[in-house]
Amino acid sequence: MINVGIIGAGRIGKVHGESIMRYVKNATVKAIADPFMSEETKQWANDLGINEIYTDYHKILEDDDIKAVLICSSTDTHSTISLEAIAAGKNVFCEKPIDHDVNKILEVKKALENSNVKYQVGFNRRFDHNFKGARAAVEAGKIGDLNILKICSRDPAAPPVSYIKVSGGIFLDMTIHDFDMVRFMSGAEVTEVFAYGAVLVDPAIGEAGDIDTAVISMKLSNGAIAVIDNCRRASYGYDQRVEAFGSLGQVAISNDTDSSAVISDKDGVHAEKPLLFFLERYMGAYVAEVTEFIDSIENDKPVSVDIECGLQPVLIGLAAKKSLETGCPVKVADIAAEYGI
Amino acid sequence: MINVGIIGAGRIGKVHGESIMRYVKNATVKAIADPFMSEETKQWANDLGINEIYTDYHKILEDDDIKAVLICSSTDTHSTISLEAIAAGKNVFCEKPIDHDVNKILEVKKALENSNVKYQVGFNRRFDHNFKGARAAVEAGKIGDLNILKICSRDPAAPPVSYIKVSGGIFLDMTIHDFDMVRFMSGAEVTEVFAYGAVLVDPAIGEAGDIDTAVISMKLSNGAIAVIDNCRRASYGYDQRVEAFGSLGQVAISNDTDSSAVISDKDGVHAEKPLLFFLERYMGAYVAEVTEFIDSIENDKPVSVDIECGLQPVLIGLAAKKSLETGCPVKVADIAAEYGI
Amino acid sequence: MINVGIIGAGRIGKVHGESIMRYVKNATVKAIADPFMSEETKQWANDLGINEIYTDYHKILEDDDIKAVLICSSTDTHSTISLEAIAAGKNVFCEKPIDHDVNKILEVKKALENSNVKYQVGFNRRFDHNFKGARAAVEAGKIGDLNILKICSRDPAAPPVSYIKVSGGIFLDMTIHDFDMVRFMSGAEVTEVFAYGAVLVDPAIGEAGDIDTAVISMKLSNGAIAVIDNCRRASYGYDQRVEAFGSLGQVAISNDTDSSAVISDKDGVHAEKPLLFFLERYMGAYVAEVTEFIDSIENDKPVSVDIECGLQPVLIGLAAKKSLETGCPVKVADIAAEYGI
Amino acid sequence: MINVGIIGAGRIGKVHGESIMRYVKNATVKAIADPFMSEETKQWANDLGINEIYTDYHKILEDDDIKAVLICSSTDTHSTISLEAIAAGKNVFCEKPIDHDVNKILEVKKALENSNVKYQVGFNRRFDHNFKGARAAVEAGKIGDLNILKICSRDPAAPPVSYIKVSGGIFLDMTIHDFDMVRFMSGAEVTEVFAYGAVLVDPAIGEAGDIDTAVISMKLSNGAIAVIDNCRRASYGYDQRVEAFGSLGQVAISNDTDSSAVISDKDGVHAEKPLLFFLERYMGAYVAEVTEFIDSIENDKPVSVDIECGLQPVLIGLAAKKSLETGCPVKVADIAAEYGI
C-alpha cells in the first residue's frame, strides 16, 4: 500500500483524491494540503478517510511515509513544487502543464536526471478508452503508415475571461492536450506548426489578447501531416475526437453519451449529445492514469507520460503562438533552440 | 429489344412504365391499357414515348409483337388476366398478390405447368439494395445457421378505410411482403404461424374487421424461429428492417434516408428520418425486378420470384388470419390441405 | 452510515461487496457470510475492509447493528432467508428470482405485509444507463402510446448443462430479466403469453429438457403487444437491446462497447463488438440499484423494484413454460389463479 | 424540349449523355462530337437515340436547333470552346475547371458580360444529396454562425502519373472541388490559404513535381476558418465528407454505401465501406446539375454555379500552390491582383 499526498485541493485534486480512495487498490491518500482549506473540503476529506489535512504542503514533503505526491495546485507553482518534491525523494505526478516557461520545465528535467524518482505528467486523455482504442489500432498497424492525423477538440463553454488572462493562452491551456494527442497517436514528433486563430465566441477573449477558435496544422517527423481544430464553445457538449488516416485505412473515434437511446419521431432520428463535462467524459481516464503511476512506483516501471511528454507540447504550443503572431509557419526546433535544447 | 405491354395504368403501372422506358435497356413499352384512361395518363404515356394506349387490355394480348405483359391492374383481376396472358403465350410479370383466393393462384400454377412462359411475381423488396445485402450475408454463411429472423415492417400512415375493406386484411395486404421476406432471407419454408393483433392506430380499421398492429411468430422448416412486427402507422416514416441472427453472428439493415446529414446542437444529435414513401425507398428495386424479368426472357433463365413465391405467402397469410381468429397457432400445411396441396 | 450484511460470497455477492465499499457513500459492509468461505474470499473481504466473515449467515441476522442484508446465496435459499431476515427486522435486497415456486414468493409477500422493512429485488437491468434512457423517453411521452415493445436478449455463451439442469429453465433463469423489462418499459402488466422455443445451440440443453432459443410474444394490459427474442449464444457478445414503438415514434437502444474506435479499411468499416460479459455491461447498474436500496432505507422511500416485481416475472415465466408445453397461448391470470392470486 | 449538343464523348460526356436521355425530362441530346469517335461510342450513342455524331464540334455550334452545349472535352480546350459557343449564342455547361490559366477564364467571363447565354460550371458535388443536406442545414441557420469548416476529400486510388503530369497539380485537379465546397458550404469567400503537402502515396508523383497528400487551411471572408485534407489514396473507397461547426452546433455528413447491412460476429461489427467510385457516388448529382442547367434556360433563371464559381477555386488553387512553394500563407487577393482582378 503506497501512501500518497495530494498538493492542491481544488477540482482536480479532489478528482484524484476520490479516485485513489475508491478505485486504486494499492494506494491510499495519507494527506492533502491546500493553502485555502475550506470546511467543506475538510469534510470531503474526512468522508473519504483522508485524515491529514494541511495548509502547508511542505508537511507532505517532510513525511517519510509518503512515497508519492500529486501536484494539483495552480500552474505557476507546478515546477517549484516538482523540484522540492524531487529533492525530497518523492515520486511525482504533476498536472499539466508543468509550466508555461520552458526553462522551468528544463530545471525539473535536469533535477530528474540526478534522481531516480518517477515523474508522470497528467495528460489524462491518453488513458481514455476511446483514444486508447484508436492508438491501439494505429500501433497494431491497422491503418498502415500514418498520412493524416486530425484532432477535433472543443469545449462546451468558454471559461471566464479572468481565467483566460492567466491561462497562458489557448495553445498552452487547451490545445496542449491536443498537441500531446498528436504525439501519442502518431508516435512521432511535431517539427513545424502553422496556426490560424480567430475570436468568434466572445469578443472579451480577444480583448484579453487571446483567441477562442483555431486551426493548427503541423508537419510530423514521420512525414505525416496533422491538424487540430479548437473552439472554446460547442453548444452540443464536450467534443473530443480523433481521426488517423494511413496507407491501409483509417481509425476514428466518436464521443461518449449518457445512454445509447435513439428516438425516431416525425422530426427525425435523435441521439443524445456528447457528455457535457470533462469530468464525466474522462473520469475513467483519471483513475487509469493514477493507477499506472502507482504501478510504475510499485514495480519500478518507466512511466508512459514522462517529462519529455510534459516538455514537447509546451514547445509546440509556443511555436503555435509565434505562428499566430507572425503569420508564418514556425519550426519547433527553432523554439527549442531559444532554450538551448 | 423486347416489347412489353402494361395492363393497368395506376400508380404501380406508371412506376413500371417509367422504369422500363428509362432504365431497362433491352425493353420498351409498346402499349398500355386501362379501362379508365385519363387525359393526364395519356399525356404521361406520350411523353415517355408509349404510343399505343388502350382501354381494353385484350388488344395487348392480341399483339404478336408484344412478348411480355406486366399485370398492374386491381388485385381481383390478376389471376384472370394471368390465365389469359399465359394462354396467349405472353411472359408475365404479375403484381402481388396473385389473388386472395388460393384456388385461383392454383389455376395459374396449373396453367404454367402446361406452358413455357416466364411468370414472375412482383415482390420488389427482394431487389432492394439493403435486403439484398442482408440476404447476401446469410447466403455467404456470414451468420452461420439461422436461429432467429426478425422483420420489422411499418407503413408511414394507414390507407383509407375504404381500401382496408377490400384489402384482404393486413396479413394478405401488408404482411404478405414480410412473409415473402421470411422465405427470401431464410431460404426456408414457414411451417407454423401464431399471430397477435390489435387495433391501436384507428378504431375505424377495427370496425372494418381488420387490425392495424400485429406481431406474428413463425416456425421455419430449417428449425429457426421468425417474427414479424407490423404497424399501419410509423410517425417517422416507412420503417423496413430485417435482423437475421445465427450461430456465427447477425446481419441487420437500417432504413435509407434522403441525406446522411447529422446535426448536433444543444438538444442532441439529429439525423434524418427514413424515407417516407415506398416509391422513394424502393424505386431502385422496381427497376431491378423488371430488369431481371426481361433478362430471364431474353436469356431463357428461370425467374427468381416464381409462382411458388406468389402462393406461399398467401397460405402463410391465411394461416396468420386463422391464428388471429382462433387464438391458436396454425400449421401452414393445414391451410394448404384445405386446397388439396 | 448504514451497516450492511451480505449473505452469499459468490460472484454476485462479491460484486455487491465491492460496489458498496467503493461507491455507495452511506453504506458499509459490516459482515459477509457464506457456508464455503475460501481463503481467497477472506483475503478479498479483508482487502476491502470487510472485517466480519462468517460461515453461518444467522450471525448477520442476529447483529443489531446491521440494518440491511443482501441475499446473494443460491436461488433455492432466497425465500427462506428472506423470511428469516424480515422476521429479524432487516431491510432486504434479494437477488432474482426470489424463488421458482410461486407459493414461496407469496409467503415472503405475506410476511412483508405485516412488517415495515424495505424489500428490493435484484433486477439490475432497470438501473442500466441505456435501459433507463429508453424508459425515460417512454415515460416522458416521447413515443406516445406504446404499440409494440421488442426486447432482444442474448447471452454470449450458454452456461454448463449442469447449471441448465437446476436453472428452472430458460424462462425463469434468463427470460425472467426480459419479462421484468417488459413491465418496466411498458408500465403495464403482461396478460397473455405465447412462446416458440428451439434447441439450436447445444443438443445437450435439449436433452436436459430445456431450450436455448426462444421467441415469446405477449399481450399487455395497455393493449400493446410485446415480443422477446432469446438465445443462449451470441458470437459477438452480450446482446441486450430494447425497441419501444408507439403512436408518436420509437425509442431504441444499442449495446455498449469498450471504445468507439471505428476502423475503415479495404474490407469494410469495423466497430467493436458489444461488451462480452454481463459484469462489464452492468457494473454501473449494480452500483445504482444498491445505492437506491440504501437511499430507500435512509429516507424511508418505497423501493422501485418491489415484491410484486419479483412475483410477476415468475408468473409470466410459468405461463411461457406452459405455452411451450401446450403449444397454445396462456393467460397469466390462469397461472395466478393456480396459486389463489 | 431543349436540344442539347455534347462536345467530348469521353467518360464524363457519356455520363451526361445518358443522364439527359434518361432522366432530364425537357431536354434531349441532338448531337455529340468528339475527334476520336470510336465504333463503340457510336453504338452507345445510337442505343441512347442520339442520332447526330460528329468528329468536328463546330457542327454542333452551327446547328440552330441546338440551344445548349455541354463542354466535356479535355481541360485545355474548355475555354476556347466556351468562347466559340458563347459567340454562337449557345447556353453552356462547362466541365470544371474552365482552365488552369486565369486569363483564359477571364476571357470567358468577359465574353459572358456581353452576352445573355447561361453559363454553368460542372461542380457536381453541390448537387449531391449529402452535401446539399449539409448546406441546407447551414443555410437554415441550424448551426448559427459558421466557425470552423472541415472538408475531407480522398480518392480511392491515385491516377496514373501520366495524368498527374498534365493535371495542373493536386490543387487544381482534385482540391478544386473542395475549394468549391468551401465556398458552397460557407457562402463566403476564401481570403487566405496555407498549404502543407507531402508525397506519401507514390514517390513517382513526387518525381512528377506534385504531391499526393495535403492539408490546406484557409481564412474566410466571414471570419471562419476552413481546412481541407486530401489524399490521392483511401484504401476504403471514395471518402468525401464535410463538417460545418458554428455558434449553435454542427452539421456533418458521412459517405454512401451500397447497402446498410451490418454484420456482427466474433471479430466485431462490420459495415460496408464507402462507394468506391465517383460515378457511383455522384450519379444523382450529375443528373441534378444538368436538370438545373436546363431549367435555368427554359425558365430564364440564373445558374447557381456561375462563372465566378469557375474562377474563384482556380485562384484559391493557385494561392495554395504558391503557399506550398513558398512555405508561407498566401492571400487570394494577391493572386487575383496578378491578373488585374
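A, B, C and D are the chain letters, set down in written order, and residue numbers restart from 1 in every chain.
Just so it is clear, a residue touches a chain if its C-beta (ideal position, glycine included) is under 8 Å from a C-beta of that chain, and two chains touch if they have at least 3 such contacts.
Everything numeric here is computed off the predicted structure, so don't read it as measured data.
A.B. asks: Could you run down the chains that neighbour subunit B and subunit D together?
C.D. replies: Intersection of subunit B and subunit D contact lists gives A, C.
A.B. asks: Relative to subunit C, which chain's C-alpha centre is the most remote?
C.D. replies: That would be chain D.
A.B. asks: Between chain pairs A-D and C-D, which one is joined by a greater number of C-beta pairs in contact?
C.D. replies: Higher contact count goes to A-D.
A.B. asks: As a quick test, compute the distance in whole Å between the mean CA positions of subunit A and subunit C.
C.D. replies: Comparing mean C-alpha positions, subunit C is 40 Å from subunit A.
A.B. asks: Using Cα averages as centroids, what's the distance between subunit A and subunit D in whole Å?
C.D. replies: Once rounded, the distance between the two centres reads 42 Å.
A.B. asks: Could you tell me the distance, in whole angstrom, between the mean C-alpha positions of subunit C and subunit D?
C.D. replies: Those two chain centres are 58 Å apart.
A.B. asks: Which residues of subunit B are in contact with two or more other chains?
C.D. replies: Residue numbers touching two or more other chains: 235-236, 239, 248-250, 264-266, 272.
A.B. asks: For the complex, give me every residue of subunit C touching subunit A.
C.D. replies: Contact set of subunit C toward subunit A: 22-23, 25, 47, 129-130, 132-134, 136-137, 142-143, 248-256, 258-266, 272.
A.B. asks: What part of subunit A is in contact with subunit D in the complex they form?
C.D. replies: Subunit A reaches subunit D through residues 144-145, 147-148, 150, 152, 154, 194, 196-198, 200-201, 213-215, 217-219, 223-227, 229, 231, 233-236, 239, 245, 247-250, 327-329.
A.B. asks: Please give the residue numbers of subunit B that touch subunit A in the complex, ascending.
C.D. replies: Going through subunit B, the ones touching subunit A are 235-236, 239, 264-274.
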